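Okay, got some structures for you below.
You will see chain A twice below: alongside chain B first, and alongside chain C after that.
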Partner chain A sequence: MTQIGEVALWVALLLALWGTATAFVGGRAGRGDLVLSAERSVYGVLGLLLVASGAIIAAFLGNEYRYQYVAGYSNRELSVFYKITGLWAGQTGSLVFWALLLALFSALAVFQNRERNREFMPYVTGTLLVILAFFLVVVLSASNPFKMLEFTPADGRGLNPQLQNYWMTIHPPTLYLGFTAFTIPFAFAVSALLSGRLDTRWITTTRRWTLLAWFFLTNGIIFGMMWAYVELGWGGWWFWDPVENASLLPWLTGTAFLHSVMIQEKRGMLKVWNVFLIMATFLLSILATFLTRSGLIESVHSFAQNLTIAYIFLGFLTTLIVVSAGLVWWRRDRLSSDAQVESFLSREAAFLTNNLVFVAAMFAVLWGTLFPLISEGFTGQKIATGPPFFDRVNIPLGLLLLALMGIGPVIAWRRASPRNLRRNFVGPLLAGTAVGLGMLAGGVRHTYAILTFALGAFTLATVAIEFWKGTRARARIEGEGALVALVHLVGRNRRRYGGYIVHVGLVVGFMGIAGKAFYVEETLALRPGESMTIASPFGHTYRLTYQDMSWYTATNMTKLVASVAVEKDGRRAGMLTAEKRTYRQREEVASEVGIRRAWNEDLYLILAGIDDPNGVVQGTNPRPVATFRVLVNALVPWIWTGGFIMAVGTLIALWPGREEPRPSPARAARPAAAGRPREREPELVEA
Partner chain B sequence: MRPLPTIVALLALATGLRAQEPAPAAHATEAQATEAVAHDAMTQLRSPVTPFHTLDMCPDAAAAALRDTVRAEAAAGKTAEQIIESTIARRGEALRIVPKHSGVGLWAWIAPPAVLLGGALLIGGWLRRSRAGAAPDPEPEALSGADRDRLAAELAEWEREPGEVA
Partner chain C sequence: MKRQHRFVAAALVLVGIVGYLFITGMKDSMIYYYTPDELLAKTAADASVHDVGVKVGGRVVPGTVKFDQRTLDLRFDVVDIASGRGRFPVHYQGPLPDTFEEGRDVVVEGRYTQAGAFEATTVLTKCGSRYEAVEEDYRA
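Moving on to the complex of A and B:
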């Protein structure tokens, strides 16, 4: 079975190369038979990658430790679940998995467009197959999952303990789904440039692909944050680690792209910019993979250093940049705008500013991530850029984006009149000011936290007003109840209202992040029976009493478990446990935190140290002194809630189905009356 | 206005957060002020044991010892900056995770705002050129009396309707 896997990879590479050639030649020569052959190659590559991936999983399940990859990431005691997820646990497998997902999306795109967009498809197919071929070359030349050891060990080394976590099993696939889905709009952009069809068609065709990619990337990042929060045991969820940053880079440009395409669709502007953004998004996702795989930048998450992969990725990335820039230059005459921005006070200008801030944030993150390398290259001295640097540079940009989230969707197209500004912004400005002043009056002095809540209130108010106006108009015109009118309103323009819901989720998430300003922390060594107290920023007090330390063996580890009784303002509030796990195969110690969750805060318990762990296991010291680090993490649950709201909003925007045609500019609607035919709803502004 | 519930909810939250900030009187206590300075310094230093942790979060005992030293320096009246520099002087540059605002480190700070500013200038220039190049609005045709009456009626109707077209 496993030999079949390696053969499948080689055949997939040959097929991808064949498909690449036939796609481009067929597209150039107008040969439908060649294009069809290329499209069938995509299906073939998908099938072969399924076989290869199945073979890797089979090797894991069969405990075939003669394979270096299986021996490195599994052992006999590892559960079946983690053996299956072993496919993406290490570098080699995850590259195959990446290629598999890309092949899956490529096949879906080819199938979806088998009878439409035929003028795009030769170059779309060719571009996708080039990228697939690249990944297969990397796998086969530098990271072969079927590489054998010179002997067959009796057991494997086991999976990294920190990867034996539920969130870690779904975080990488979700992230990869996001990265690979962005390849589809990129391929359409390349095809639009090659074919010269640079109107809005390639954008409208790939709109859902872009949203889908953004959905996966956003959720992938949030899952990663959840994993860091529960598994790394330091109380935070984002460390501005290079690998974390790498996943954020394409998200930032991808989000900018999602917004700027609306300008092209509506006004025929920003054509070059949109091509640039989607190319940048794809290139940054390749860069993210390069950073993760090369090991050139130190990171807690990255795979082992592999210079061969680094050089291959760097070469591919350089080629992509040169080819992309060359294509844009070649077609620059066809990328001119159909219209001009007429006023600084317009939606176009607001979206442009939004794009500028997103790109500036991307640059800030990229610059900070690469600065240690750059400084070392120029001066020989590596200058580190840690979380405080990224916080200081990016928080102001984040606040600017928060404000623009409120302005962009409601300011008028072309030119906002004073009346438009008054009607749309007076209420939200009052809301923001009231919240800011309320916090100041309440004694809050953290500037960024106050600004986040004030701007968040401003943005939430603009969204609330939009929903309220639309629902009220619909209820009057259609004679519907408020709830039905709201549901129909959202259903009729899912993209717009889904977008608003995403904005709400983002605001809630921002507020959750701002809660970091109010974290409280205590560290104390306790004997069993002793207590410590910690005051919540919400006014109550927790009392934690260290009950006992127990130990037991699990499948592939020994656990030392501290039990702690929790009281909230003197009332019993349950038990928390925090663990130290020693994994037998890898002889690594990992911490498992205890978290008591509430709607507004987490009580976060870390077992920082045990004075005599061996004594506990041997029974000579069953009541050891334990050091606990306790945090009250204010508003952290809001980050996850915000992520959930964003996911719901994106799914609404993505949901397939026929939306009613865009209303004509003429305002045709009047209240429906008995005996009169129903008329159309007032024009609703595309957001 | 209807978004009032939103405002009320946010105000309630803001009031709730009042308690989150330690009371001013509590802030004034020396111990808390010292801890705040120490914590500020610890978040800007790398752990000497685990390179992927800042000093404040590192669970290792060696880091705990260094935290005690930092706290002692804070108690002696040093500022966070002074503590950072003295710790780095003792333990080496490897502990620095915030670039200096001088020398090569300055480039780390300058480049992001420079890009933002440069981008803003580019967009501003493009917008100005764009506005200058925009075709002027065509000369409006004179309204007939009937059209004027009809327009007035439509606008009056429009004013009464709730959902404005932006």
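Moving on to the complex of A and C:
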């Protein structure tokens, strides 16, 4: 029965090819019936991919180990939850899953625009179907999840223990949602080029899609960091690993795009640049999928060495680059700028710098990630770059961004007057300087950490002043209470204030990252009853006493659990456990760390070694010597808090519904008095 | 038009700074990948390779692993995966990686000293083959 899934994939491919042809022919010839057929093909492909994905899940649940994919990622002991998520546990399934998500978004976009943007839709539909057809070709030719083994094994190999973690089940889908959602604005950009309608319509109509993609991508990256933090057991959350880098690349260009489109909307500039950015974002999403799934570059989560896939992906990427560049070249005269930058002290200049920084960071990460491949290709010698390279380039760029986040949103368009600068920046500059000097006085000597907090304080102050000014004006004019005024202010200008909240989240996250400067680490072997102490950078001291070692058997593993009592400054502060798990099916060992979370730091306990693990299980040695690695990770909780604030801010900006179409009364009431022609936020076009 | 030139110049300055960070960053963090055979041949030919950071992928020789739980002192021999010839001892100070085992493929990063021992700063168990099911595995 499950073989129906493979049939569904073949039919989906045929349908996608049919739809591609009818979409482009129909769009060119103005044949509405053909375009309609293409749009229905999108729904059809979605249905068929649902069938194929359902069949894969059914094969997992039914323990059908004659399928190579199921046998490779499941076994009888695996819980139902991980069997369902088996759909994206490995390469073959995850490519089907990618196509499924893209089909879902495509169908949504087609449905949403069934009566709007009709001049765009034929080419949008065609572009989406080409990409779907490509993924189906990859799946069917090089990575078929329904491939049978020559015999049926009694049991599967089981799922890699490190993937048996809830973050790992939610991290790949979230990233994939981000990657695939960026395809929609890309398809609209291609359609705008093909149809020649190169005003801001393609941008405004896909604004929510871009934000949605950014929302998923941001959260996907953060979930990946959380997974690495709890599961890899190294006490770190980012390793400049090729696969992590791959997901960061489209995020960098996507974020640049979110900002640069505002310049085009307000000032009619950067038209080529915006097309270029969204194309780059989409291409980098494809590259990220490809890097993750081809294992071309050695990485902690590379999945496979499948060169067929590598060649198909490279061919597809090259074609996309050539076609995209060709389209831009063809339409170059319609993409000329309506205006020019007038002054360094202007919002345009700040946004341009922001864009340069994002793109520079993207190139640095791309270069560092692909360098082993490049060097091997050209010199035959494989040379890697380590984290120092990424840190060296990206930390200064990150600090520059931190400053721009404070400057960009409040500096005047065109040319800032001295008055504008004074009004907006004197207070924040004082705040930043005070924080920097305060840290110096407190004995902090880490330059980057001080700069992060000083610039962060500067940016937070500009945002706080924006909120305060807006709320005060609204409260006065509408006669509302402060809280009501604040809610209305944000609600009526969601894109703007949602954006500010995202900035606040990013500042908090950057501060959390800068906490790395203060990490402390101790490694010690202890007998039961012995203690170790570790001093937190916040001044208090933890004392950890190793109490005992116990062991348990679960369905698919044996656990050795060390219990450690924690005291903070002599007062009892609970227990921590750290485990070593031996998985029966694969005979693999995985560590589970113990983390005591506080608002400002994590106490992170790793069970690094057990003297006589067999003796514990056999009962001959109940009190083994155990080696513990203990870290105090300062400010790590701020990274997650920052991520949460960013998610809330994005949702505020993204939430459907109309915004106030008129300039807000607060600003309309005193445009002359303010002495600066601040353009109002454009009305949000329904997306 | 003149003003536009100023902006281009400013952008070029920024690009220049990033380029400088790029080049110095590359110099500081370049790591050469070798197989054990290549490492032994390179160091024999050019003694300066002893001072360069290298990453070596090899196989842990069964029966050579010694790990002291108390001091976290790990010693083992690594052999060339393809040829089975080039072999050298590795010393590492730190907790045993979870998936470390005799006979497993590992990547060690560090320096190959004049004394003929590899002082590793990190030991990574190779994951590439681990995640993907290989058909031969079922036959074993």
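The rule is simple: the second predicted complex is superposed on the first by the 663 of 687 C-alpha atoms of A that agree within 3 Å, B and C clash if a C-alpha of one lies under 4 Å from a C-alpha of the other, contacts with A are read in each partner's own complex, and residues count from 1 in each chain.
One rule holds in what follows: contacts are C-beta pairs under 8 Å (C-beta built on N, C-alpha and C of every residue); 3 or more make two chains touch, one makes a residue touch a chain.
Predicted model, so just to flag it, every value in this text is computed and none were measured.
Three-chain overlay on chain A, with chain B and chain C in a clash. When the two complexes are overlaid on their common chain A, residue A:Val341 makes contact with chain B and with chain C alike. Residue contacts after overlaying the shared chain place A:Pro387 against chain B and chain C alike. Contacts of A:Val625 after superposition: chain C is touched, whereas chain B is not reached.
When the two complexes are overlaid on their common chain A, residue A:Ile411 makes contact with chain B while staying clear of chain C. Residue contacts after overlaying the shared chain place A:Ala578 against neither chain B nor chain C.
Look at A:Leu397: by the touch rule set out above, it reaches both chain B and chain C. In the overlay built on the shared chain, the residue A:Leu460 is in contact with chain B alone; chain C does not reach it. In the superposed model, A:Ala360 lies in contact with both chain B and chain C. Once chain A of one complex is fitted onto chain A of the other, the partner contacts of A:His446 are limited to chain B, with no touch recorded for chain C. In the superposed three-chain model, the partner touching more residues of chain A is B, compared with the other of chain B and chain C. Residues 233, 298-300, 340-342, 344, 349, 352-353, 356-357, 360, 364, 367, 381, 383-389, 393, 397, 523, 591, 606, 608-609, 629 of chain A lie at the contact with chain B in one complex and at the contact with chain C in the other. Against chain A, the residues of chain B that register as touching in their complex are 1-3, 6-7, 10-11, 13-21, 23-24, 43-44, 46, 51-54, 57-59, 61, 64, 93-94, 96-99, 104-105, 107-109, 111-113, 115-116, 119-120, 123, 126-127, 130-131, 133-134, 154, 157-158, 161-166.
Here chain C touches chain A in the complex through residues 3-4, 6-7, 10-11, 14-15, 17-18, 21-22, 24-26, 28-33, 53, 55, 67, 69-72, 94-96, 98-99, 107, 124, 126-133, 135, 137-138, going by the rule given at the top.
If you check the complex, the residues on chain A that touch chain C are 68-69, 71-73, 90-91, 149, 151, 153, 157, 160, 233, 295, 298-305, 340-342, 344, 349, 352-353, 356-357, 360, 364, 367, 372, 381-393, 396-397, 523, 525, 580, 588-591, 606, 608-611, 625-627, 629.
Those residues of chain A that touch chain B in the shared complex are 233-236, 239, 241, 298-300, 340-344, 347, 349, 352-353, 356-357, 359-360, 363-364, 367-368, 371, 375, 378-379, 381, 383-389, 393, 397, 410-413, 420, 423-424, 427-428, 430-431, 434-435, 438-439, 442-446, 449, 453, 456-457, 460-461, 464-465, 468-470, 472-473, 476, 518, 523, 536-539, 591, 600, 606, 608-609, 629, 634, 667, 669-670, 681-685.
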